Amino acid sequence: MQLADVVTIGQYVPGDSVLHRMDPRVKLILNTLLIVLLFFVQKVTGYLFFLAILLALVTTSHISLRYLWRGLKPILFLIAFTFIVQLLFPAEGQPLWQWWIFRITDLGIWKACFMSLRLALLVFVTTLLTLVTSPIDLTDALDRLFSFLKVLRIPVHEIAMMMTIALRFIPTLLEETDKIIKAQISRGAPLDRGNLFRRMRGFVSVLIPLFVSAFRRADELAQAMEARCYRGGEGRTRLKEMRLSSEDLWATALALLFCAGTLAFNWMPYRWL
Amino acid sequence: MGDFLCVLGPNGSGKSTFGRLLNALLIPTEGEVLVDGLDTRDSRNTWAIRQRVGMVFQNPDNQIVGTQVEEDVAFGLENLGIPRQEMRRRVEENLTRVGMLSYRQHPPHLLSGGQKQRVAIAGVLAMQPQSIVLDEATSLLDPKGRSEVRKILVQLHHEGVTLILITHLMEEALLADKLVILNEGRIVLFGSPEEVFGQSEMLRHCHLEAPTVVRLAQALRDQSVALPNRILQVEELVDELCVLKRSI
Amino acid sequence: MRIEAKHLTYIYGSGLPWEKRALSDVSFSIESGEFIGLIGETGSGKSTLVQILNGLLRPTEGTILLDGSDISNRKVDLHRIRAQVGLVFQFPEQQLFAETVGEDVAFGPKNLGVPKEEIGKRVDEALLKVGLRPQSLRDRSPFTLSGGEKRLVSIAGVLAMRPKVLILDEVTAGLDPKGKKEILARIQLLHRVEKATIILVSHDMDEIALLSQRILILKEGKLILEGSPVEIFAQAQDVRSAGLDLPTLPRILFDLRCRGFQLPTAIFEIAEAARWIRKELFRAAG
């Protein structure tokens, strides 16, 4: 049990909730819709409403908040940074405190809360999507949704196939990396000790074999694909079906209602509230 | 048709090249390869040829494309444009044939080498080829994996599938009806296993060796022990010797 | 170098849902200069054991003594261990990375801090030990070599560190019969000339039986059999229960013995076996 088990790609958590079962294309579209919505909300109360609904969604998916938190952790720094910058370098408002180049204004405080909340919710929404949809379903959904772009000579199918193959090989490559690291450490490579510079030199001994091996794999895989009559996207059928169900229609309807509700808060009396 | 042919030879003898000439992955510099009457040199025939001649490669990982077992088995069918219903049926049928049905939604990296090769075989079988070329398909497997794959080959042979096994493992040659030994790009021996293994001089020249059982049987025959000509398995030898012991 | 393993246990992912006991209470000792064969099915714990021996992993329980000093102690510098216990992984050619063969083989000694002047000498010495010619290969790119040569270069890379113990994990994997013979002959030579302690890890009983002075058989993380080849062959049932089988010739002889043939256990040559069987047949004739 090594590297491959610790790194979960896309954080997908298998389950059987409504959110899991929905058509991935619908999920992708609704997700985009929600993200766009976030940029039209003008009141903090609107955001809080949004957050409440989101938490309700999470409950339906039966996924513990722990996973969502894991998705948020990497961005915490960015959120905190955004908050501080907005706070100390406000664009407008009555100054409440000043020191050197820093200022805090009344409107500045609201704006800071605003921006960071928006950022957090953005990540929240996308994390939820990747938690209830497997990477392969996402790739498939993108493939189908964008297939009309073929008219513009954009190789949609090929891009989707590249992504699928990449996803398929990530665990395999991680295993190989692990093995190469062990082999080089056994030769005394400074991968687990020493200063940064030494460690970087050590990593060359891991990266090069990995690259060489990846190219070899690609070559062999291409031959195997040709041997099974792969010739690009022309004339291909698909094993997996994607059919819209009533759940998808209900979800879309609810999502639209939700959008309307969130935007309604924009007409509340106060500036930010 | 229905033959089980084994192509043996040391590394560099041209075995793999030979395999790839059969399904038009390589085109001959001289001479021709005809598959069901179709010439491999004509690129219009390529896809038809590849549907008829399936290939399983040496590296279990580098031929699996799907993120789940059943997806990979369906890959060839998707390429051929087979309708979904028929695809489902064939995927299920062939996964059962190789004994991997219960793994249908497994991701490939969780499978053992032998299991991956079985999935690869299922993927080729699903395309309903007339023959299957196995290019050193067991050489990277552990003994368990090798015996899993060999069992399937024996079973397929029973079912009448034409098999061409390219290998350097002599024990695998015992599964076949006919053997071809290549050395430095040429055919140096051809015949049934007993016929070929009897030619110890030529085998030694190619740095090959008949399996232990065969050599022991030959050594006994050299010492005037009356053993039948065709002894290829340990059990056969032991049984024959016991018969001799009782009858003496 | 003397190796002593006492009650080694290794658990992967202790406390987590995928917890796995790779080794349970494994104890053995290896004398300096011995040729040991380590065999077991996939998943029997071979790789784990071998990685504990060269310090890549620390045992969850138990101790391991190299020449009397306990390396399972937290304070020990594992870096030094790796210089003394060289581990060649399966498909070692996959770790080649340098621009020239010479540079790649020098990687090990360089990391150990061997002085520049001496590195060149060590590289040549290591290449010669695996049967390659330093002059012709030293400046070539490792990626232009044949498969067999690449493998030998990777082994040289470990030998250049002058380890006291050499562990080879499936060193013949993927080679054809000729390649296998050559590499095993080379290892045998190393053992005789350098008097190094060698641990050969393999699935292949034929290989192990041919070269080892003593065999260790692992099954599901436990050491279930230990002994010289002859001793092991006398216990075919136990060997089979470990998912392995005797090498072909001893297997034939064992089966014959079970059916009433009186044959000695220590026969390793076909010609000799044939003579004995014939003798038995004519003895029965009276």
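In this document, chain identifiers A, B and C correspond to the written order of the chains, with residue numbering beginning at 1 in each.
Following the convention adopted for this analysis, contacts are C-beta pairs under 8 Å (C-beta built on N, C-alpha and C of every residue); 3 or more make two chains touch, one makes a residue touch a chain.
Computed from a prediction, not measured in an experiment: that's the story for all the values here.
S.K.: State which chains count as neighbours of chain B and simultaneously of chain C.
M.R.: Touches both chain B and chain C: A.
S.K.: Going by the average position of its CA atoms, which chain sits the greatest distance from chain C?
M.R.: The most remote chain is A.
S.K.: Of the chain pairs A-C and A-B, which one is connected by the greater count of C-beta contacts?
M.R.: More C-beta contacts join the chains of A-B.
S.K.: Which integer distance in Å separates the CA centroid of chain B from that of chain C?
M.R.: Once rounded, the distance between the two centres reads 30 Å.
S.K.: Between chain A and chain B, tell me the centre distance in angstrom, where each centre is the average of that chain's C-alpha atoms.
M.R.: 45
S.K.: List, in ascending order, every residue of chain A touching at least 2 other chains.
M.R.: none
S.K.: Would you mind writing out the residues of chain C in touch with chain B in their complex?
M.R.: Where chain C meets chain B, its residues are 41-42, 147, 173-179, 181, 203-204, 243-244, 248-249, 251-252, 255-256, 259-261, 270-271, 273-275, 277-278, 280-282, 284-285.
S.K.: Quick one: in the complex, what on chain B touches chain C?
M.R.: 10-11, 112, 139-140, 142-144, 168, 170, 207-209, 211-213, 215-216, 219-220, 222-223, 225, 234-235, 237-238, 241-242, 244-245, 248
S.K.: Applying the document's contact rule, which stretches of chain B touch chain A when the two form their complex?
M.R.: Touch list, chain B to chain A: 23, 25, 47, 50-51, 54-55, 57, 59, 61-68, 70-71, 74-84, 87-88, 91, 107-109, 123-124, 127.
S.K.: Going by the contact rule set out above, which residues of chain C touch chain A in the complex?
M.R.: Touch list, chain C to chain A: 12-13, 18, 20, 51, 54, 56, 79, 82-83, 86-87, 89, 92, 94-97, 107-108, 111-112, 143, 157-158, 161.
S.K.: Within the complex, which stretch of chain A touches chain B?
M.R.: 4, 135-136, 164-165, 167-168, 171-172, 175, 216-217, 220-221, 223-231, 235-241
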